[in-house]
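Both complexes below contain chain A, partnered by chain B and then by chain C.
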Partner chain A sequence: MDADSDVALDILITNVVCVFRTRCHLNLRKIALEGANVIYKRDVGKVLMKLRKPRITATIWSSGKVICTGATSEEEAKLGARRLARSLQKLGFQVIFTDFKVVNVLAVCNMPFEIRLPEFTKNNRPHASYEPELHPAVCYRIKSLKATLQIFSTGSITVTGPNVKAVASAVEQIYPFVFESRKQIL
Partner chain B sequence: MASTSRLDVLPRVTCPNHPDSILVEDYRAGDMICPECGLVVGDRVIDVGSEWRTFSNDKATKDPSRVGDTQNPLLNDGDLTTMIGKGTGAASFDEFGNSKYQNRRTMSSSDRAMMNAFKEITNMADRINLPRNIVDRTNNLFKQVYEQKSLKGRSNDAIASACLYIACRQEGVPRTFKEICAVSRISKKEIGRCFKLILKALETSVDLITTGDFMSRFCSNLGLPKQVQMAATHIARKAVELDLVPGRSPISVAAAAIYMASQASAEKRTQKEIGDIAGVADVTIRQSYRLIYPRAPDLFTADFKFDTPVDKLPQL
Partner chain C sequence: MADQRKCPDCGSLEIVDDAHYAQNQLVCADCGFILTEGLLTTTFADEEHLREVSYSRSTGQNEQQSRCKQRGIRRVQDLCKVLQLPSTFEDGAVSYFQQAIQHPSFRLVSLEKKEMLVGCCVFVTCRQHNWPLTMGTVCSLLYADKDLFASTYLHLLKELQLDVPALSLTDLVKTHLNSFKLFQDSSSVPAKYAENKEQMVARTIQIMELASETWLVTGRHPIPLVTAAAYLTWQSLHPAGRLTCPFSRFCKLAGIDLPPPAHLRLTELHDILLRMASQLAWLRVFSLDRRSVAKHIGDLLQHRRFLLQSAFSPGYASKGNSLESSTPAAGDTAETMGVVHIESSPTGEKQECKSRQRPLLPPCLMNPRKIRRIAPSSSAPVITGDEPILDSEIEQYLRSQEEVEEIRKAQALY
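Take a look at the complex of A and B:
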């Protein structure tokens, strides 16, 4: 029962979340009035700015911290964050692009076989948790990589982790276990 | 004759002739007696026996030798508090008709929240007629979680409900989240969250639920005879073995199996009725039923008496 090499599996990164600081206080009202493509959430105290080019949504706080979501790769995330900082600079703020960090990466992977979830949970007791009443997927946590995988019975796997490398190695790690509990087509 | 069992056995007196001998206490007479020579060494020792005699044919409700409520040492660490009870005579009420000494005195403030939770757990368990052993297990789980303090911010009722759910699972008689929801004021989402947190905090895990766990309860609630229940159990088990219903919750599969079995027998039940009892939407039953319908002949046992033959089963 040799496990296939994962060269054939393509991992699709659907979302990269990153944060950065502008090192200056931002006047949200000014951004809301003069910025393009912005939504001002006054009750919470933040501005949402959407960019078209790398399709990105940024949440801007008045303290100068910005959270950037929607990018499809780490480079794109950095590019989008820089573009955003530039547009804030054009509005007149003394922006310094610091502390850029990728916080979360969400990826999807499809196995070419279906998976038997009860069997999989029994074999991977402490790491896997399956509650069919609450969620139809098995939640498998890899502590060392700080990654969480959601394994569905159709064979599709959703991985979230701190960076793209962790996500890739998480998929590599899980492949043999999932391969064991696959549904054989008769 | 009672003998002392404390470690600091020699109080302050010893027998002059036998300084090493351990004195025996005679509580009736209030004496300390040396067992070697019989000398009465201590005198006027306080009697710790009953204040008055009790006879076995007296009313069992009032036991005059008891001086407190039943202790719950496993769960409370103590319970040595004094409360002022409600007055009985006329003198206990002041001018306006209010009772004097209104305040019953706060009791065991450190465990007040815990005692409240135990009361809530007993109430919830009562509503679904759970036996005492499950309630005790729930109380123990709650105590462990409470002492750990890792879930301190969560509502106590939510933690209690989740503990009840875990206890039922651990005892081998799982209740669905919806059933626990029905007797608790907490939403299913919150109970589910607390459930996961508690498993993490106590570092335990629970077995997976199977379709068979719920069959007897659902079938009795629907008033189905034993043969239908056995048939439904068999159908559900077979369906899971053949993996006809991947990714479906065992409750939905059980409900669909009950539907199929009841429709094949004389005691037919509608999807709505089954959905009501199981807490499953009737479209969900329909979906699961559609998955098991094609293999219907294989799922029934060989010796099942069909009121409606297999090919005439409703097709939804």
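Take a look at the complex of A and C:
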């Protein structure tokens, strides 16, 4: 297999985290009372609300900031966030859907070969950090994309980045390095 | 002075021997005339007899540094002494500590974290000089929580932008075996269990090399593997009488803890050895099992290159399928993974068995956990994120008025 040839790798997005603001104060007790599928955490001052259709869990603060996690694509995250804002509107709050931003994307990718981690770390010294006593994977950080990759010896790679494009570019960038250190039977 | 001196200026007999800072002087008490002065500096001949006081032991340091820093530096020095590290390591560790303590994220934290910082500085220095020190050792010396130590360590690497080379396995084996109480000079062990240290170290290193070639080392904690390899070495050097001794008893004899993953590592090592043994002509006649393969480890290690190649290359059919540890299903999984085989000279045996040889893969691929794959349904409509939201969808998330009343009543009772 040549490193230059086009290899179609399946990048599976497992989690998208986004935030938005409602620009109004929210009464958490009212949400907890009148909303279904909600958990009120009084000690930390937040409400967890779970939506079914895009499977999303939202954390709502009384200041009006909401964080949504669990979506599998950016569009789904936006739909889920809007649905949540609509529910809050129905509960009686003057909600305005603003400042929507995707904050974090977590994706998983499988390489079709195994990787020799000590060799990989040696070749990629400043960016890669491997401590077998702490974690079985190599942690590789790409500063320009603000992405972090966890590379396992089985060839499975977990990528976290600020958006889907950064994640895809991170996988593209790492592929030649990982290909170099792949396992070959002697 | 034995004889009285007279001040040349005023004639007084009151001559006092005084020191002006470091300079000895003979001074007249009445007029202040200096009769003689000592030397301000010492000559080489004088200094030969003086013992040099290092800066860290003098009190000059105490005035310039804060108490927190002084305490930390003392702790670093104590830790280095306990671990019997060379003095260059101590200086290196102290300088790292001094750099690190400047950062607010290390200075304005709890005492517990400052202890971690001490351990981390020593650990980093050792790793940079390729001195085999494990985190477990440092944590046990500091009575520290491993997770906290790990996070402090990673934070330190990031702040000081340090580059730490990987742990060298050979040195780790030597250091770990040093702590075993099994060797001939120790008195607590019966004679048939005592062993020669050099032989044991050499063979354990060979087994560790075998393990790293067969994917047992990557990603795993090294110490349990070293312990398992040491057990196999010990059994193989004098099999008579030692084959019946179980792993836990061996660890008790050696005076070390048995880490929990060590049993799994031992099983994996046994599997690899059994597969290799199936390729060795004079061992094929024996039906080997986990216990008896230890007798033949010497032979297996001698020919390990050839045996690994022949045991794990594709297309080689094995005669005895009782030693096949994997089912054909696992072999198919390996096929679909698309493992690349560069070359593999067939050893000339006939391909009669249909079942495939297990290629050399990491153990987690051989026993893959069932991952529930959510297949991307292409029939579902593409979501754009801006679709209109219907009221009916929202109703399911809101409680009706009756439900709200019920809950209010229930809460009032409660």
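One rule holds for everything that comes next: the second predicted complex is superposed on the first by the 179 of 186 C-alpha atoms of A that agree within 3 Å, B and C clash if a C-alpha of one lies under 4 Å from a C-alpha of the other, contacts with A are read in each partner's own complex, and residues count from 1 in each chain.
The working rule: a contact is a pair of C-beta atoms (placed from the backbone, for glycine too) under 8 Å apart; a residue touches a chain by one contact, two chains touch by 3 or more.
Everything numeric here is computed off the predicted structure, so don't read it as measured data.
Chain B and chain C, once both complexes are superposed via chain A, clash. In the superposition on chain A, contact is made by A:T154 with both chain B and chain C. In the superposed pair of complexes, A:R125 makes contact with chain B and with chain C alike. More chain A residues lie in contact with C than with the other chain of the pair chain B and chain C. By the touch criterion stated above, A:R116 is placed in contact with chain B and with chain C alike. Looking at the shared chain after the overlay, A:D43 reaches neither chain B nor chain C.
In the superposition on chain A, contact of A:P136 is made with both chain B and chain C. With chain A as the common frame, the single stretch of chain C that clashes into chain B is 77-85; none of the other options in 5-13, 77-85 or 401-409 do. Overlap of the chain B and chain C interfaces on chain A comprises residues 114, 116-118, 121-122, 125-126, 129-134, 136, 152-154, 183.
Those residues of chain C lying in contact with chain A across their complex are 134-136, 150, 153-154, 157, 163, 166-167, 215, 217-222, 305, 308-309, 312-313, 337-342, 344, 359-362, 364-365, 383-387, 389, 391, 393-394, 396-399, 404, 407-408. Contacts from chain A toward chain C in the complex involve residues 1, 33-37, 49, 51-54, 73-79, 82-83, 86-87, 90-91, 112-114, 116-118, 121-122, 125-126, 129-134, 136-137, 152-155, 182-186.
Chain A makes touch with chain B in their complex at residues 114, 116-118, 121-122, 125-126, 129-134, 136, 152-154, 183.
The touching residues of chain B, counted against chain A in their complex, run 176-177, 192, 195-196, 199, 205, 208-209, 243, 246-251.
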